[in-house]
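Shown below is the structure under consideration.
The letters A, B, C and D name the chains in turn, as written, and every chain counts its residues from 1.
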């Protein structure tokens, strides 16, 4: 991944600032003759769109995506797919205060240090608004992966309050404002987050992603390992501070015999008895579900006042106005799904290039 | 990162199998006129070298590195630096059992699934032996970074037993077999690991890396973020299942006001009061210490018998002979340091290219 | 260069089809705090714009460029610069005939063979319309290079009729429709091209590019040589079939002593007595003018009828209607300049990364 | 292409200096299960090897290649293939004179300007010795392409003396010291080159490459066009100053109707009546033979004295001793073939990734 592009063969380049005229991306390397219209992308954007509950920023953006190139009569042509969303609800005045001062814990400071200039309006390039284009690109990636690969995400922890994994029901995901698979926990979070918002604060979260139907053999060792690329993709999302594959940090506590996912044959296919590995061994997919988790810190734009400095080298206090998510982890769910889709699509193409006759099912390649 | 290369401008390509004639790497893009001889690289290799305590594999490798190109009279020339280590203690016969069968939790299976062929001798390309070349490349990266950047690593948890962080003493690192900064914990680990080894098992670990003196401004948003590249670099190390920056997963439990690293001015420089961010905001270094952690699973090569399958589709049991580390996390410490060094060196060059007049200290760029 | 992106650090990605709603590009890696508004880009686009003389296509496009991201208050911010031009004069009906049949010598056939689908409207992605975005990106590249680097191009041959190099006057370039530095030849070409156009035919051309003020040391041997990247950049332009550096193919006819550019010292600087090398030795700029030439074939869209086949495997005859350039070489001049600018800007950044203290003048680095 | 690597999916990285202990390369991305031993590579190296006739340098190198990784039992494994050749006949003392002074027309000067240091022994990294590894990598590329693709090269011009194309006989290539397909011209060149060598001079040449059996659809528009990548690959060879595809610069002299390669159907396949395009349209292969030419300047290491400067800023005269090729174009033939093979192999993999069901014959994809 390099500057504002990610992926090698399925390659996404994004551009745009929070309060500029538009944001957009170029999806390059997409195979031709896949069905693709705006209607295939919009539903994913709608899931990420702000202003849908009292738990996300009240910015009202239609987030209507336009396909500007790369398709003909509803089919991809193999040429770069240009996507664009116009920004319609920019209230830059909300941000006048932070033009000259740096929110603690925010990229305000580092953009200034790196570039000596920054678009302070709404956070400019560092705004989570950029993630809309990741979601759009992810919708294209899903087309590349096809229907046999299913990628879903869920928020599994808010603050210190984790879900009850025994109650996991994917059908619940769309029935609450948290993408939470456990309805009881969702209800509790609702009360907690209202309190947090009222107090002018914010809270972190953990998101879990599961990709089923991933063919075995994806991943390009040693330095293009599937898990390495997933780690980079998820860590590149705003506010993410940690990434795990499979058992993740818990694997550090295991003994070898506890960590080993035992196997046996059934109907000529390899069967795994557990999935501590999260579907990846040696950087290559096993054919089991790929499982990843990432931790999102609390948003740094809070109403509570914090000590900071300004561009002129004065001590100041900063309390952010503007419209912010009390828990950015919520909207990170569709973003994480999209990043995982992009990584898998890229590796599907890479695998096809080097190993065109690789098995599509986790069976043994020869007998 | 792509296949067997990582980095953009400071670019490392490794080659070699565990039981082939040699392993090597090419370090491309290194600035010229830096002092570099084998003596600058060997000490780092010696720290990673197996057979130094009863807690690492008993394979005896001198791991003598040779510089084959890219230097003249002890100075780098700007041309690619070819490094090579001959393999001298290969006992392929130890691995005859796994030529046909797959160790559960090991890359044996996935290399077979991906490529339809694998060098089974000692794990071939998937062996941790490859990490020797990372360590060699890391030594070159340290030259690029210069003396003002100090990168150190420590094992901070073995199994469920974490160190006492209040007892942290960097001077202890080299006084025990665990790169442990807390001597009391090191002593306890010694007893525990002897038991684990005796029982034919293995155990996981957590390693923490700290880079001090990192100039602010390193990192290429959005998809070349410093933390994204660190995450990929660490996740690409054998057996790693999780990566954290700064507070990592604990950040998910924080409120916004608790996570914000407050700032004030002192002597014209920005001072941070805490470092929850681990030295990175918005994917760009702040000038604070860069702090990263990674989790290493227990090695899958254990004496205890596990259920598995063979290449012919038969159910089998696998118990690994051969010489293995009961806790691969130990030798992952110098490897993690090296990967962090490589990422920082790469980003130093990238920053220099786009922002040649960026501040070298965390001060405000203009007043 | 990869798919629809070129450059490593100064990286341009283009998108868009001839008859889609818009074309655009993303310029990534541009240093911050450079003055840049639409007014800095538009003049270069105007030079390439069709419909300006009777010798270019009569398509009328305003080619008004918009900067959609990457600048604030007229300064670049270091974030990706999104540029877009709306297509306003698409007459797809002119192309109905070629929806099903392939123009001989045109990419119609190969896009169909590669992708199994193609946007036939106006040539789709293969149209020279894409080169407008190269010109826009080139204008940004010139900002990166600064005023000390001057890049100019001229048409030096049309068909078999070459200019009189003794009559070369750069001031003449903008006084004729051919970017021709020799007014007498320009007048002759005018008569010749009118005849060619009347006969429903087209003609090839040779363009020469000269970049003065290029600092020595640009170029990344062995496989990122400056001349190799220039060759790729120019060969990537529509209809280009040959590229030369310095004496080019004529160098094959020389003896060693005739080819050697002798040197002597003057005022502490190295002086070259000739420039057979075209400013590049060993893939690295010498500080002399960089000189490159490229050959453009005649456009394949001609009124004269040619034998071909259609998508259904029938023999057909093809005579192209639509609006076409009788000599595409003319408008290739600003495109060639732009590509050279982009390559030089990219290598300037790359050089800065690896060799930040490289000499900026062709003097000897130490004494 | 970037620094010392070229290719995207079939990726070659070379290292080593002329008079260092060894030279080598890493071939990454090679598909698995291809038959490959040293015996598959050595014959190509032997064709390039110096000291085989009185028309090449008298340096005596066995150029014995070793495969150090990436194969098992004579089959590729999909992991990086490490290749190495030891340098055995270095006479650095021959070069003592040029340690301090710059050969006019040679990279001596520019390496010094770029890096501030250079390995002067035998030209160091800029020596044509590096091309041995290109030839080795090319042999691997041929394996990837398989037997249906045939790549051959010939020297078609020495100085101003071109072959008689009517006399072209591929069988003659290996019967003379010039890779010349026209025996009468070969005989004449022999006399001419003896004279040139006696006079302490050197001479340029033109090489033509022909690849038959290239499947249609190879090439990644817009900036990864097949001809753009070929141009870069050939221009990256030492001493090359020009590259042509198909008619090349002669295409500039043609009318549209003369340049168009007409087509008709025969037996359900598209038949071309001519091949002005050199097998590439719009950057994509047509299925016809790919034809490329490149011009090589005379070697700059000549016995005749030339005016130059030294590192201390003094005017000097330079006459090169050492052992040099009077016509480096001769040994450039196998190097050019190898580069073309590498580009085609890379694009074969890229095509497979994006268009796995692309037609393998130049037939129409659907009816």
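Here, contacts are C-beta pairs under 8 Å (C-beta built on N, C-alpha and C of every residue); 3 or more make two chains touch, one makes a residue touch a chain.
Quantities reported herein were computed from a predicted structural model and do not represent experimental measurements.
A.B. asks: Taking CA centroids for every chain, report which one is farthest away from subunit A.
C.D. replies: D
A.B. asks: Is the C-beta contact count larger for B-D or for C-D?
C.D. replies: Counting C-beta pairs in contact, C-D comes out ahead.
A.B. asks: Give, as an integer number of Å, the spacing between the C-alpha centres of subunit D and subunit B.
C.D. replies: 38
A.B. asks: For subunit A and subunit D, what's the span in angstrom between their mean Cα positions?
C.D. replies: 45
A.B. asks: Go ahead and note the Å separation of the Cα centroids belonging to subunit C and subunit D.
C.D. replies: Those two chain centres are 25 Å apart.
A.B. asks: Would you pick out the residues of subunit B that each touch at least 2 other chains?
C.D. replies: 2-5, 8, 14, 29, 32, 78-79, 114-116, 125, 221, 355
A.B. asks: In their shared complex, at which residues does subunit B touch subunit C?
C.D. replies: Of all residues in subunit B, those touching subunit C are 8-9, 29-32, 78-79, 221, 349-350, 352-356.
A.B. asks: Which stretch or stretches of subunit B touch subunit D in the complex?
C.D. replies: Residues of subunit B touching subunit D: 2-5, 11, 13-17, 20-24, 26, 28-29, 32-33, 66, 68-70, 72, 75, 77-82, 114-119, 124-125.
A.B. asks: Touching subunit D in the complex: which residues of subunit C?
C.D. replies: 1-6, 8, 14, 102-107, 109-116, 125-126, 130, 157, 159-160, 196, 201-206, 216-217, 219-225, 227-236, 238, 240-265, 268, 270, 273, 276-278, 280-287, 295-302, 304, 306-309, 311-315, 329, 351, 355, 357-359, 362, 364-367
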